[in-house]
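Labels run A, B, C and D following the written order; every chain starts at residue 1.
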Amino acid sequence: MRWLGIALVFVAAATMIAGVADLPVHGTPDAPIHRHVGARYLEHGVAETGMRNMVTAVLLVYRGFDTFLEVVVIFTALVAVLALPRGAGKAGPARVVSPSGSTAAATSDADAVGPQQADVPVSPVVFFVVRLLAPFIAIFALASLYRGHITPGGGFQSAAIFGALFIALALVFGRERAARLVPVPARVWLQALGPVLFALVAFVGWCLTGAFLGYPADAAAHAVREAMVVTLEVGIAVGGAVILAQLFMAMEG
Amino acid sequence: MSAAWPTLLPWLVVLPLAGAALVPIVAVGQPRRAGRFTLFVVLLTVVVAAGLVWHLSLTGPFSVSLGGWAAPYGIELRFDRFAAWTLPLAGLFAFVVPFAWRYLDGTLPPERWAVFYALLLLNLGGLLGFSVTADLFNLFVAMEVVSLSSYALVAVAGRGVAAWAALKYLLLGAVSSLLVLFAVGLLFTLTGSLNLLDVTIRLAAGGPSPAANLALASLTVAFMVKAALFPLHVWLPDAHAIAPSPVSAVLSGLVVKVGIVGLLRVLELAVGSGAPLEVFNQVLMLLGAIAIVMGAFLAIFQNDIKLMLAYSTISNIGYIVLGLGLASPFALIGGSVHVFNHALIKVTLFLAAGAIIHQTGFRTLSDLRGVARVMPQTSAAMAIGAVSIVGLPPTAGFVCKWYIALGAFEAGQGGYGFALVFGALFIFVYYVRMLNAFYFQQPVRPEVAAAREPPWSMRGPVLVLAALCLIMGILGGIPLTFVEPAVSDLLLSMGR
Amino acid sequence: MEVVDVRPLLAPLISFACAGLVFAMGRSVFWRRFWSLTAAAVKLLVVLSMLPGTLQGTVFVFDVVEFTPGVGIAFRADAYGMFFSLVSSTLWVLTTIYAIGYMQGDKDRVRFFGFFALCVSTTVGIAFAENLLTFFLFYETLTICTYPLVVHAETPQALRAGRIYLTYTLIGGGLALIGSVMTLNATGSLTLGQTGILSADLGTFTLVTIFVTLVVGFGVKAAIMPLHGWLPIAMVAPTPVSALLHAVAVVKVGAFGVTRVIYNVFGAELLQTLGYASYLGALAAFTILAASVMAIMQDQLKRRLAYSTVSQLSYILLAASLLTPLAALAATVHIANQAFAKIAMFFVVGAIGRVTGKTRVGELAGIGAVMPWTMAAFTIAALSFVGLPLFAGFATKWYLSLGALQADAWWFVVVMLVSSVLNAAYWFPIIHLAYFKTAETAAAGDDRAARDPAAEPRSLRREAPLTLLVPILICAAYVILLGTTAEVVGMPTSLAEVAVWQSFGLEAPAP
Amino acid sequence: MVLFGLDLDYAACVVLFCLGLYMLVAKSNLIKKVLGLNVMETAVFAFIVTAGMVEGGDPPILVAGTSPPYASPIPHAMVLTGIVVAVSVTAVALALIVQIHAHYGTIEVDELKELP
């Protein structure tokens, strides 16, 4: 079996190198990739979408349907993980998960929440640093979301940062306390935010301009276009963050 | 009103996907409501699809550019005649969902019904998106939605065994998706645009280039994995046998067709860009013929009915690919018509088998002896399905065998005609064993003797589908109204 | 001239509907019998209603649906098709009556009568098929519908017989599919209405392949020698099944198919020039003789009948391969002669089995006294096979010899005579045992002059029940009728003449 | 940088792809297989982004500080979507591995093959 693998790899390598060798050398401004569709986006992008960051413009305006399917993919991942049978099987490590409303909650108001609360003992230094940086990470994520159409950043990036923040908190403060950040009844709504908001915005665009997810081009409707973009960004960010958080929580290793 | 239909095309895809996001919300208090809501969304999609197909029959292929951006600059959804297959696709889902209502009682705990139905809707949305998009990258993302939901649907009911089958399916599927993404990247670098038509024109202008051939080759290999064509079929039997029956019906009947529709797109790309078509056709013909025989051969030793049905998918995919490879008018018609007919037959067979397993609890032929005495109607549907999967005349399976055999002789490849006809007879060997066990032997197990007909929400879809198998066999002409012009357009562009 | 008429479609539909009704309402004995009998009677009337028109040479045509461009599911009741459907419809009525009596108290009768009706509907569908596609459609459906009947007893031997039967017939079906597809590809049409649609300039390879695939494809069901293996083994089915299917419907469909291929796909003139038919003739002749020899060695009654069927069917193939009008007449007429004679014999064997439980030739000593009427019918059928004048078999041999001389192939006349002798060799011992030997003398083994049968004590006579006896006697009467009225207008033979004229495209001479 | 007619950057991506393929095919530990899959995904994303790069070009953000020639924005959008797909596939793969481990107690393919 091992030799079959190596043979397969070499065959793949040979064919790909042969194909790739024929490609035009990258990096030159007049390569076909820059002349055709890309050039038009750069040229008319600002006027048509009102955004400075062309990547976000492509993501939300020119190829908005791709991003809709993208949000659906991340939602599919969550639903897929939730669909699998829960609980440890016969050979899993027997780990007692203390019920969420347990004694831990009693001491939450007392400030003496020590590192020993976490599932895995965490060194005080990490505990302190995370507690200190948590709010700043959150603000940075919000900034990346808000300024997504002017500077590098946007919905997905802020979702990723929020997700990472949630995981850090969960590791440090223990899974149950972090779980209360995303209340159970709200999860069902928040996780569906991405696709549903996209469908709504697309419907609005459809009513206004007759084209699916069409943004009104005239100057008067500038505010409407701005609102649509922000709704999409928020939908992606919040939906994505909640999904990433739930994915982490569902992975009871 | 009829002018407004085309703009509904994007909603054909968005409805099921947005619906899927709503299913967990709808089912918060009442798990049963998830099933009802899912059927509502599916029926809504069927109505939209019917309207689009009706419009297609009036005006011919039409396309919608999303966001108002003209074709190469925005994403374009194109509803051509091959896309007419989306109506039967959504229609078959409308049969599978009611079947699953009662089927899930025994297999899934109520709290996971909502996510199960959400996965089904995502699968439907992805399939529809894949079939109607005319944009390369959109093709990749839609395929990913279908694959991801299929991996989960395989593992939803079983314990470790199902997870292991699903993981094998996932690893192979992910590699094939990567090959598609790599090909999309290559084509984008070569032509600078992602629209299928635009890429074809620019490739043709650019002349033959190894990079374009590599892109087409990796696309072909990727779609062969998705279609479980013989050498790359290893993931299919375990995945489709272990999955719950409504899921196996969807996987074997519809999701496998993603590979076929993909190969059609590659054919269109290769034709337009002047890539070496003969090599492509030769490979498809050879692999198709081998798949027919090997699929039948491997199935003979199976005792589990769902595993037998999974293996017969492999040989039926062989039919379709052989039809595509022959590339003569009748063969292409046969291959395209069988895309739908096989879906219809396979869904009938898996739902009937699911009903039998649900009522008796057994899966192997030796245990299910004499089941026809206690469940006559479901076994009759199973028998009709068995006869049509082999392709005997009065049923839907025969239509494709007739066309592809005709196409084989038309293309001067008589040998493949023989392989097709006698490869199919190989399949009948194990279906005779199944029918013998069902009809002509006494029940061995007390549970089988005590079994009763399944509830109407399961029996109804199965019986209607079985009747459709027969009707589509006799009225073989109906799908022709769409398939024939589509094939002649394709052949025109192939310069034949 | 062609007349558009719905009756050719109606005939198969009636028995198809009967099958549906039997499956649906089969539980109650009355309704099952009622539907089977009325459907049989109504269908016979429908077919008979078309007879006068056909005798004048009109052809009833009905197109149902377009399948592929240029070929669709269509029906065409020409004289030859009418002849075959008349035979099978009348026999369906007789066999239904017989089966009702015979299957008394048997299990799974709903399934039996349902599939029985389905088989007959496909047989009539084949008789009226306008093109090879419709022919093949019903040909394969017949295979599927006969399988449950062959396997009716559900014993291991029955399942084995079913498997062998399916292997032969499905491979035959596959070959027939290849043949018809090649014909459509070569000529663009599959119609069976003309006298030959293929042309000589198609190249020997295509023509040979088409001939071999179609003749072997349909020959499997015609049980020509190398392909006959399934017939004796399929005798395990209940007698009504063996009677109708293996003496009339299934095997006749094969012979009918081969003759259609010879006359309507290739056409007599083309085959004359190509010369392929002579190989078929040689094979058929060999089958006639070899099967008769095999029949002599069989001790099982039903297996002896099976081998006799194999040899009788090759009469039709031999006659068809001679390509002359008179030989074609012999082939057509023999369909009826062999059908009625063979079905009478099967009914007799079934009746003997049902009343006395005897199935072997050796046990038949003195049966003539016990069941005089039944054995009388058996003797009439046997004499018809041997070919004595005044019996149906003679008409076939007479026309066949004339046809052979017309095709100046005198050695086939010799084959006829030898086969008559062989027939005598395996039928007369049975008659001798039945009448001229009583049970004790046979057991004692000496052959003292048999005592006068009339002196048998009254108690020994146990005749078959009426529902079995009546069909037997009607069949025997038909055998005599066919034999004596060969030349009378309006009788089956005249219909056969019209069929021959149409097959050869001759003008019907003024009656 | 071009060496005998072969663009080394593309070549590097291909090599990375094949390394990942080897990990996926040859390694028997399931987690390592999924890691191999991620390496392959990174390789394809790197290939697409390098294709869209411009020598000394600015990121496609049309603000005061940047000036043409700009890198092409579409590859970045494609890769962003690709990354989310990669995350989703990896999440589902790991969830399945958790199930396999829970049921069989092992995630080595060789051991899994022998179990019933």
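We adopt the following convention: a residue touches a chain if its C-beta (ideal position, glycine included) is under 8 Å from a C-beta of that chain, and two chains touch if they have at least 3 such contacts.
Here the structure is a predicted model, which is why all the values come from computation and not from measurement.
The interface holding more C-beta pairs in contact, when B-D is weighed against A-D, is A-D. Each chain gets a centre from its C-alpha atoms; the one nearest the centre of all protein C-alpha atoms is B. Work out the mean CA point of chain A and of chain C, and you get 76 Å between them.
The mean-CA centres of chain B and chain D are about 29 angstrom from one another, to the nearest whole unit. Averaging Cα coordinates per chain places chain C and chain D 71 Å apart. The mean-CA centres of chain A and chain D are about 17 angstrom from one another, to the nearest whole unit. Listed for chain A are residues 16, 20-21, 23, 26, 33-34, 37-38, 41, 63, 66, 70, 73, 76-77, 80-81, 84-85, 89, each touching two or more other chains.
Across the assembly, chain D contributes 17, 21, 51, 74-75, 81, 85, 88-89, 92, 96, 99, 102-104 as residues in contact with two or more other chains. Chains that are in contact with each other form these pairs: A-B, A-D, B-C, B-D. Those residues of chain A that touch chain D in the shared complex are 2, 4-6, 8-10, 12-13, 16-17, 20-21, 23, 25-29, 33-34, 37-38, 41-42, 45-46, 52-55, 57-59, 63, 66-67, 70, 73-74, 76-77, 80-81, 84-85, 87-92, 150-152, 156, 247, 250-253. Every residue of chain A that touches chain B in the complex is listed here, in rising order: 15-16, 18-24, 26, 31-38, 40-41, 61-66, 68-70, 72-73, 75-77, 79-85, 89, 185, 188-189, 191-192, 194-196, 198-199, 202, 205-206, 209-215. Of all residues in chain D, those touching chain A in their complex are 2, 5-7, 9-11, 13-15, 17-18, 21-22, 25-26, 50-55, 57, 59-63, 68-70, 72-77, 80-81, 83-85, 87-89, 91-92, 94-96, 98-99, 101-105. Note for the complex: chain D touches chain B at residues 17, 21, 24, 30, 33-34, 37, 40-41, 44, 47-48, 51, 74-75, 78, 81-82, 85, 88-89, 92-93, 96-97, 99-100, 102-104, 112. Interface residues of chain B facing chain C in the complex, by the touch rule stated above, are 330, 387, 392-394, 398-399, 401-403, 405-406, 409-410, 414, 417-418, 421-422, 424-425, 428, 432, 436, 439-441, 474-477, 484.
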